[in-house]
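Next come the structures, one after another.
Shared between the two complexes below is chain A, which pairs with chain B and chain C, respectively.
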Partner chain A sequence: MSETISTADSADTGPLAPAAKRKRPVGFYLAGSWLGSIVLLGLFGALLPLRQWDLASYDYLGALPGTPGHPLGTTQDGYDMLSGLINGARISIFVSFFAVLFGGGIGALIGITSAYFRGKYDLIVVSIFNIMLSIPNLVLSLALLSTLAYSSPDKPATLQRRLIILILSLTIVIIPILGRIARASALQWSSRDFVVASKSMGTRNFTIIRRHILPNVAPAILAIGFLAIGSVIIVEGSLSILGIGVPGGASWGSMLANGRGNIAFSPHEVYMPAICIALTVISSNWFGDYVRSRLDLREAKI
Partner chain B sequence: MTNLLEIEDLSVGFRTPRGNLQAVRNATLTLAPGESIGIVGESGSGKTVLSRAVMGLLPSTATRTGSIVYQGREISDLPRDEVRDLWGTGMAMIFQDPMTALNPTRRIGSQLSESLVVRLKMDKGAARQKSVELLRRVRIPDPEGMLRKFPYQLSGGMRQRIMIAIAVSCGPELLFADEPTTALDVTVQAQVLELLDELRAENNTAMVLVTHDLGVVAGHTDKIAVMYAGDVVEYAPTKRLYASMKMPYTEALLNSIPRLETPTGSRLPVIEGRLPDPTKEVAGCAFADRCPYVSEKCRAEKPPLMDAGDGHLYRCWFPIGGVN
Partner chain C sequence: MDFLQILAKRLVGLVVIVTIATFLLSLLTWLLPGDAAEVIAGGAAPQVIESIRQDLALDEGVFGYYWNWYTGLLTGDLGRYYLAGGYREVSEVVGQTLPVSLQMLIYAQIVSLTLAVPLGLVSAYKENSRFDRIVSSTLFTMVSFPSFALALIMSLVFAVQLEWVDPIGYVAPSENLLEHLKLMILPVISISVGLTSSYTRLLRNDVIQTLKEDYVTMAASKGISDRRILFRHVFRPSSTTLLTSAALNMGGLIGGTIVIETIFVIPGIGYEIFYAIGSRQLIAMQTLIALIATFYVFFNTTVDLITQVVDPRTRERRV
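For the complex of A and B:
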């Protein structure tokens, strides 16, 4: 009898509850394979025998999908859609992945320490988070980007510099979002007996945070991190459409921005990057949702 | 013999939105090396707070006054870092609920060796060897295999043994056991208590055993402090307390333990009423409203700690068996 109680209890408290052989939903496989192929194409797409994405071919202006040599057609300016999309995948995934990685890392560090130490530090952190969260994502990143990107007019804004600044401002946007999640989760774990028990053995605070709190908070950050990748892709796209994201049709968002004017003549110029953005966002949401429900303690089945 | 621990006039309060909550009032206790003391009382009587106050594990909203002398050294006003040096190697605590006191994400081995590595600066191999030895000492079968297990794979009794192994890993001189058996069933309770006694005998470890069960403390302590509403109301060597208890509260506690010889169908005696509001000061005896022997003097004036001889202290105007 005590056996059943103890198993029930452990499933309630442990993110590492026995891996039940549950059937994964179809959406998980679809989302996973889309995300996987996007990442693979982003990493190794440059090795494929395709046209250079930024080399216009003036024989094919606004060719429709299915044209020989241009399987997904070309833009009105003669750029190949397929290689453009693959290059866009690289940029979009790169930007959103690193923004979420840095933002999540810094946010988790701030959130966990503020939940663990409480006091004035916590109060200041929460206030700053709340102020940042009260500004809409797009507006905040717009403000950050425009102040950071155009500081010196003499220097040419190279793609590299623009990307770094874009990642930096998106990182700042992500910090309070993931930081708050980390804080909420760490708050719950910091008062657990095993933290007090470890403290009562004379373990130092940062050792406790690293060994006892971080492993328990990590699943929550991971799940929300996947959701955040989707939002960051959208924000990046919106910034590009507004003309201050990635320039020159390099990312999906900026392909959309460039093709916007030609929608009447070559609609594929608009809907193809749009579909890519939509599928990636939906996939990362599904994936994140799955990870969350898999680790969500209240939903855990025994 | 010098005392290991001397607590004098220890008071603990908590700042709450409803005012100061007085959890412990002027507690005075002593403990010799290797001795064990039971702190008994119902829920909310301040026994856990008392033990945590001695360790220095109170939340930041708590205020603590009085003196705690450990091995001849005043520790109540030590800075955090120096108190931490005492934890684990000097004093250690066994927690009440073995289900929540182990980290669900880490294997037993790494949790057990944590304090060995952190506190005793052992290298991994030595810590592993010591962990196996500790597990063997707390009677865990297949200690090597146990190191690789996660807490969810263990029963409550096993986990409590692991908790005990962790607590004694750095060889403490003083062990706080905060209701170590409450979450366990009766047969496992007895095993765990016996195990604690054996471990203590091997290393001459003193113990503060916090419980609400007078039956548990009877066989495993040298002396007992009964607490009620933050006061130590009776304090005596264990044998003497059971032979001639003075406090009506102690008697009531003892009467509410179910016995085998009570006829079937009879009602279990309970202590009617409840603890007074800890945010308000009571003028007289805090137990007056629930006491069968109450009189006017009890409500008007708080009884002082009185001495019945042989180290037997009590706090009552009308003790059982009369004033000596």
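For the complex of A and C:
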């Protein structure tokens, strides 16, 4: 069963759903351009002539948006909001992209081989997936992250280390979600005539999976991958609010968490990252839903 | 298969899943490179650390440690918080916090269902009208709006700027009912928005299906009013998916309340997990997470079971 972020039931009712219409809906372009600009800013934002995001300027503490030199204002600690948000885009996209890439890759590998070979291996895989899915997303990542992040009290938790641990935890959370979808999809293709024919001609299993099954399963994984990116951004934000995500205001969630205490003095510290997170999640869901409705994947769930 | 067989099978499955999941959790704790007792005690005297180690059976290997925790759980000993001032029983904490979380979830369910039923019925009745399209796209956007972002923005606007309600806190209903309800407004709305969206869409889809049934045409041809058909003839057969989903959500939401409870400082089980993590109470954390997972699996199993009893078609083994 999915979390509340499930969009599974939206297959026919989402604003992007009517696949019969040839025209792409406005939402598709809006979502696409927001995602595109976030990715571009994340990749090349460091080249822009901006302030360093983690360098405080003590002349401007909690400046409101529109202050000269700080177009989006500063935090109570004097960090520039604009460069903070751009850096946050980089981290948030980085974390969610790699978590979904690794999780989706490993999940697809396990799911496809499990559906193809069946037998005991399949039984074990399915049981493990079910066990992992029996713990809600956020709780599982919380458990993983909180124990992994404590692993060495002596070593200082650098940003890089925390990022690696975060991506690792989120990857583990994603594996059963995408793995189950890959398995369900591969199961349908594995019994198709051309696969059976290919098998009877003595084609190696690996070749069959690579040439016949993977290309057919890939679109489903891709569509759900977009939805997964949205969920990962939500989980990352939640973890930051709970104080065990990315530290020091480096991601959007982390900016939110830091800004919460200053909500009365500089509300822009809260609503700006919150809106960025919301827009990105909504965009990736719209985008994923569009891809899914084009592929007509009705049963797909995350 | 008769009912008892299904029940027995599902119960065994439930126990197996919870056992393995909790074992993996303790394995995580066990794999800490440092000494778990030292992490928990956080710089206490050596005797204290030694007594914690004894208490948790940390010397007996991972299986001994797990067995100690698991048998404790079965006999109702949920473990302890090891605080500077002494012990605090986890079972006591659960007894105090779980009702608060459940209460909040029940409010959220009531609000979401109350909104979703008329919205779903009307938008299905007026399928593809302007109303339907506006409701559908608004709800689709709202379901992907992260609840914590909504919670923070709402507490910024309604609590900090407009000062209509207090931004944080909790008052028990027995103490002051009005104050209790006022403080519950923002957290309940934060949870309800996503729920309302998904419930409305579920109901709308089912009602659209039901409206195509022959008996609806029949009823209409007999001259029964649309309103009566919608509420008397269509609503009930269309509500099964909605109710299943509502029941399933009780399990999933109890995990999802962690962030909302932390933001609004509500002393529920989610806030307690946050506290256990922050104060490095590994055992309390492990127990609380295990409880949430059990709760979740238990709800899923129960709902599954009821569906299987009610609708024999679902008993077929799904591939």
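The rule is simple: the second predicted complex is superposed on the first by the 275 of 302 C-alpha atoms of A that agree within 3 Å, B and C clash if a C-alpha of one lies under 4 Å from a C-alpha of the other, contacts with A are read in each partner's own complex, and residues count from 1 in each chain.
The definition used in the following text is that a contact is a pair of C-beta atoms (placed from the backbone, for glycine too) under 8 Å apart; a residue touches a chain by one contact, two chains touch by 3 or more.
Since we're looking at a predicted model, the values are computed, not measured.
When both complexes are overlaid on chain A, the residue A:57 reaches neither chain B nor chain C.
Of the two partner chains placed around the shared chain by superposition, chain C is the only one that A:238 touches, whereas chain B remains out of contact.
Touch criterion met: A:138 reaches chain C, while chain B stays clear of it. Of the two partners chain B and chain C, more residues of chain A are touched by C. In the superposed model, A:198 lies in contact with chain B only, and not with chain C. When both complexes are overlaid on chain A, the residue A:67 reaches neither chain B nor chain C.
In the superposition on chain A, contact is made by A:282 with chain C only, not with chain B.
Once the two complexes are laid over each other on the shared chain, residue contacts for A:267 go to chain C alone; chain B is not touched. Judged by the document's definition of touching, chain A residues 2-3, 5-7, 9-10, 13-15 lie at the interface with chain B and also at the interface with chain C. If you check the complex, the residues on chain A that touch chain C are 1-7, 9-10, 12-15, 27, 130-132, 134-139, 142-144, 146-148, 150-153, 187, 230, 233-234, 237-238, 241-244, 256, 260, 263-264, 267, 270-271, 274-275, 277-278, 281-282, 285-286, 289. Every residue of chain A that touches chain B in the complex is listed here, in rising order: 2-3, 5-7, 9-11, 13-18, 118-119, 192-194, 196-204, 207, 211-212, 215-216.
On the chain B side of its complex with chain A, the touching residues are 55, 57, 60, 84-89, 92-93, 95-97, 99-106, 110-111, 114-115, 118-119, 150-157, 159, 163, 166-167, 169-170, 185, 188. By the touch criterion given at the top, residues 17-18, 20-21, 24-25, 28-29, 31-34, 39, 133, 136-137, 140-141, 143-150, 152-153, 155-156, 160-161, 167, 191, 194-195, 198, 201-202, 204-205, 245, 248-249, 251-256, 258-259, 262-263, 273-274, 277-278, 280, 282, 285-286, 289, 292-293, 296-297, 300, 319 of chain C touch chain A in their complex.
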